[in-house]
């Protein structure tokens, strides 16, 4: 039997990779995907918990997270499209008119 | 009677208000009528007061309570006793004469009404001073006369020197008042009252009492006495606060006569005499008073030797004579001091008014070197001036002689300190005779040395001026006759008269010695007059030679021992330097303002810096968040165990 | 406590406030109506306040004209007004100076007239409120509420550097009063959940708490007074403010600090007050001498008078922290005096500033010839400022010196030097402006007109009245001061405070 | 196996949300036919009042204990409704002016409000998360609703990206918490955590949740999105954002931390103390450097979050009450200030306000009132808010935090006063300040002014 | 080590590797494709954890819908520029460092993780009920409210997408 902690380690490593991806990539889509990575990492840990503590709430949670992720994707990408129309770029360097 | 005495100070006060409010537009050139009326009333009532006192009635009553704060109770009240009565006479009579004199002297001045109202105000203040039955009212009069002096010295305020002189007088006096005020407070603290009667009744209980000040035990009575004496030093222009009086001559001459010779400057002497029960209890204080007086009189007399400004010479002479009075008080001869005050008032006022008369004729010229031979142009002035000079020189029979000899004789009797001050006093008597006659000879004898225009202009003064001169001359002649000592067959009425207030000085030596002392001083005075005659009439070259030979001494004397310059550096310049360079420039602007403005500025800069961190780059925001997480987590782990 | 039959104090507070609203409703073009309306309102308030003067019961130390209503029951906050002998005079002073501020600004304020007079009225209401409040919360509300109109007054109608001055004034006082707010809250919490001053005064708080609270209140009051070294807002604010602003600032506003010490610090924290009194006195004495010396080096008229306030307020705090009858009474009286005299001096400066628009002393000279009446008025106020006997300044100053000297001899001596310096700088000022040869720039100035004379005359009368018969005013505070002293129980203390402090340091 | 049909849940406690959600959906449809914006706005406002009316009647727990409508949530919902009503009032003309803003605007506002209400009422972390996302997604759209405006796009993308980023943290925290307690019910978590000793995973999960919520309330250093978003979003949305989501964030903070994390109170207090101090410092200090008034107000709202956090940190019943009061008052004064920004034709830069008092004295006076209220000067409501908060905080022993808050509120005076200074003490840069006064905007300003004054003078109305 | 563990290690290693690739490769299209692979791995992992339904959802919804959407958007956008510009921000080491330290925290914290409470849904029950049914039962009863909210969220997603992405004719 795989210990629970293994899953958790895996989850947190992927989570942190997501974080790092968000922090270092300039491309908005990749950043967005990094966020998806983080969400998936959380999903892994939730399902693992759900399994090990013998409770289905974790899985339900994952279900909702996936739903929300879908909604987020729709909206996020829509914003991205709108932005791209005006800016012709999806690089974060280019979307820094507001600062200070 | 008590209500009537209220008129003494009030009538000049009322006329002051009348003149100052209505003078400019309504009364104008008739201001003197109102003013003289005011002073005249007080003079008359003062005579009544004198009569009352002579008949043995002494008044001490409160008019209304002025300040009541806890146990600190001050009233406005009158104490009319022998001392006050004499002072009243001196003040009101001289004031009246000066008022009359001013009618002629100030004629045509644009501030005519203002001048008279100031004089009234002064008279009021001086009367409040002498009438007071408590220290704070004395202080009120004290400051008020200072104020009037300030106004009158700076009367011609467009002249910078006049304005400066007024300011100087006021501020220098404040130095004295500083001590005086502290003395008053100390008296209140330890006696619990500042009424004369309470003070004199309880002051004995303070004997041997010391207070602890910054590590020293100081005898309380001595301290109080010296603090009070501080005030006297300021007001009566003694060393080291004498510097204002010569400058005060910037004021109109009648003012010099009234305020800076006869009345105000003698307030210090009056006060010391008034507090004789206190001073008597402290030997040190007495010694200080005597020595200060003696040294001042010598110091001022030496300066007077070489000055050329007629009013300045008389001013230094005043300083010197005031020193004499303090000398008297310091040796316990308060009666003699007051006697001298009284005679001095007449002959010194006369000298000033005479000088004023000369100035009037000379169109404001003050330098005696540029006068000469005025005798024939203005005989009344000459003769009265001569009488005054003889009187101040101490020629027997005249007023000055009696009072001065009383002082010298009593000093002679007063132990070792007394001997020293007697010696100084005698020397000063000679010097006094010399410089007084220096004026007489240079101004009135010989040939006229001024310009032709001046010569053309020379004339005797109008009656309004000469009449007061004559009256004062009578005073200078005869005022001393109330104090003829027993050795000369008199009864010294004034001394006995004042005894209830001022006490009786100890006299141990014999009559023959008194004659000896008297002879010495007369001889020295005569010698002074002779030398003066020799120098300025007989061989006018000698003074110039002397000035050349003893150039250094001459310079020091001519520059008044450089005291003014010294003070200028120590007090004035350094204060301004401290103020501008250090306090304003450094402490306030750099340190405090630096902090006050610096903190917001630093915060603002920091804000600018932080705002730069907000780059607009999405990742940086993310990094911020991650970093925040990191920091918060770390701190939580560290802080909460 | 004597309940009011008629809510006189509320009327005094709210008539100006309502008046401000009414004035704000008047059409902008009708400037003269605005002015007259304001004058009318301030006069009404002044007349109403005179009834305080006549119906005040001097024989009791308890609060009079008391009005109590529940306000915020959750926090035990009450609308609690009342005055005693300490506050009554300040109310009169405030109402009087308000009237004068209106008249002196009649022609000199030409822009945003409506706002100006509305602000002035708001300030008046708040000032009166500060002096009547017996509920700490209410007090704080008024205390702070005044900042807004005052900030505008300086910043909108002030001199060239007005914005800097306004912000400095605002921030300085805000920092101080916010710390006081904390103090008030702490007091509320340890004092049994009430802001009622009279109730809070009945407790004895632990010493260390007293000490902390004392300093918390101190920051607010010291800034307002202003004590050394937090005084630097004052020269800027006074200098840049319009005449009315300077008058209010100097006349009333800075009194609030000292009033606060009297009303709050001393009765609430008696032990802390006693132990901190030497420090306070030292600061006061520094202020006296420091302020005085700085005045010597000034070239700007208003700045000089402003710094002289620092010096004079040093006397006030010295008197207060001498903690004896003479000191306290002198301190209170001196506050009134300073309000009158410095207010008058600023009014006077306003008179010529309106004509010449310069504050530099060097631009004047010889005004005594050009404007004799004016110079006479100015002279009297100058004399009062330097504490000449017969004027009000003397009585206050002398009592303070008596009190200060009683509490500490060395400090009393140093404080007394203030009278020398005071004479020096005021006479310097007077000489530069009024004496010497007439400066061509001012040769054609007109003397004061009737409006200006009428503005200054009441103050002149007060100067002399208090100088000659101060008992009329001292009588008001007698009982209340006794009350304060009983609270700290220092009536008979004769220990030299400085010696005590030095001992403590050893 | 027989499937037992579940009992129909009691909908009474859910009525307010139901109203909002259904109106929102109806509006989506109505939008197509009804072109009259006033009508739609009117419906929104009516909805707000209807909700307020229903709130007290609908107290209770429902949906298997996932949803709770208690006094706490009622108070927050009132704030949300006030926020909604005022936002609608100030939006009415503004969104026509700032073409093109699409008609879905109002439904989105309602959806966001519903999300906030769900957050306040969530008894289960799942509901909480979904409510939060409901709110967040709606506000992302709102921020970017000016699709042709680059700033609006940028605001939306920044808000969205960072919002998603932060909710990932929230999920991480929730998952940890779930692992530790095997439940998502907040009250059950509390019970179970009481028996659990403090462990590192618990702290980690707590910190993650702290981060996510701090993001929502724009507390430093998780605040960096807010100035940009506030500046870029349409002003009416900014007004909404600066109040609603913030209040909702505080609502969940209160619920989650006071209840669920009661056992490790020292830990999260420490975390929030740090965040509070940093927030007050950064909010106030950086605001000094701003030239755009929306940005400045953004920083000001950051700073206010810092003050409010003091109430959270104190963690007493009365401090929580103070937080709610603060938010209530803050709603009025902040939306009021934004209303003025909207009112002016050119009102985004601080220097646009120069000399406003000359041309528009009343507008200037009102702005002055809001500015002083934001500083916390009596007799405005802002003072009462601060006062109440400070009292509770000092009572709870957080005196040093209060001292810091006080010092920073003195700093804050500087930038608020700068607006006043520009309005009153500087000369106008423009010939005439144009304003766009509409009845609804005027009404909104009127309400806010009255409330700021009345609550300042009669605080017993709310405390 | 059991087979399950070997499988886990395979999954774990490849998932980490894939994730790293996703955030480092230059071409976004490659990233998405890699992500697709990753999602399949995740779905596989779910099967180990008795989450068959979610494994299916993962594949259908995530891989099938969301990623396609991503791909679709990328195709719409201008890719050429992306391929020539830098892929990392200048401060990437900072990001990496912070990421590393957070991961250290997480791993350290997780090493202390212990399960204390257990639910009643044992694997046996789920197995008898089948995962989908068990989930569905809870979802429609106990989790009715979240379920409804989720539906609204999806509605908003639709609205939002329309509002934002629709071309405006100005």
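In this document, chain identifiers A, B, C, D and E correspond to the written order of the chains, with residue numbering beginning at 1 in each.
We adopt the following convention: a residue touches a chain if its C-beta (ideal position, glycine included) is under 8 Å from a C-beta of that chain, and two chains touch if they have at least 3 such contacts.
Computed from a prediction, not measured in an experiment: that's the story for all the values here.
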(request) From subunit A, count the fewest steps through touching chains until subunit D is reached. (result) 1
(request) Among all other chains, pick the one whose mean CA position is farthest from the mean CA position of subunit B. (result) E
(message) Tell me the chain pair with the top count of C-beta pairs in contact.
(response) A-E
(message) From the mean C-alpha coordinate of subunit B to that of subunit D, what's the distance rounded to whole Å?
(response) 78
(message) On a C-alpha centroid basis, what's the spacing between subunit C and subunit D, in Å?
(response) 43
(request) Please work out the Cα centroid separation of subunit D and subunit E, and write it as a whole number of Å. (result) 30
(request) List the centre-to-centre spacing of subunit A and subunit B in whole Å, with centres computed as mean CA coordinates. (result) 96
(message) Quick check on subunit D: which residues sit in contact with 2+ other chains?
(response) 126, 130, 133, 137, 140-141, 144, 147-148, 156-158, 161, 165, 179, 182-183, 203-204, 227-228, 289-290, 414
(request) Please set out, as single numbers or ranges, the residues of subunit E touching at least two other chains. (result) 89, 91, 94-95, 98-99, 102, 105-106, 110, 113, 115, 117-119, 143, 146, 150, 153, 156-157, 160, 163-164
(request) Could you list the positions in subunit C whose residues touch two or more of the other chains? (result) 171
(message) If we use the touch criterion from the header, which chain pairs count as touching?
(response) A-B, A-D, A-E, B-C, B-D, B-E, C-D, D-E
(request) Write out the stretch or stretches of subunit C touching subunit D in their complex. (result) 28, 71-75, 112, 114-115, 137, 140-142, 144-145, 147-148, 151-152, 155-156, 162-163, 166-167, 170-171, 174-175, 178-179, 181-182, 185-186, 188-189
(request) Could you pull out which subunit D residues touch subunit B in their complex? (result) 157-158, 161-162, 165-166, 169, 203-204, 207-208, 210-211, 214-215, 220-222, 224-225, 227-228, 266-267, 270-271, 274-275, 278, 282, 285-290, 411, 414
(request) Name, in rising order, each residue of subunit D that touches subunit C in their complex. (result) 357-358, 361, 368, 372, 375, 377-379, 383, 387-388, 390-391, 394-395, 399, 402-403, 406-407, 409-410, 413-414, 417, 420-421, 424-426, 458-460, 463
(request) Quick one: which bits of subunit D touch subunit E in the complex? Just the residue numbers, please. (result) 1, 3, 6, 9, 14, 21, 25, 28, 63-64, 66-67, 99-100, 102, 104, 107-108, 111, 114, 118, 124, 126-127, 130-131, 133-134, 137-138, 140-141, 144-145, 147-148, 156, 179-183, 192, 195-196, 199-201, 203-204
(message) Touching residues of subunit D toward subunit A in the complex: what are they?
(response) 126, 129-130, 133, 137, 140-141, 144, 147-151, 153-158, 160-161, 164-165, 168, 171-172, 174-176, 178-179, 182-184, 227-228, 231-232, 289-290, 295
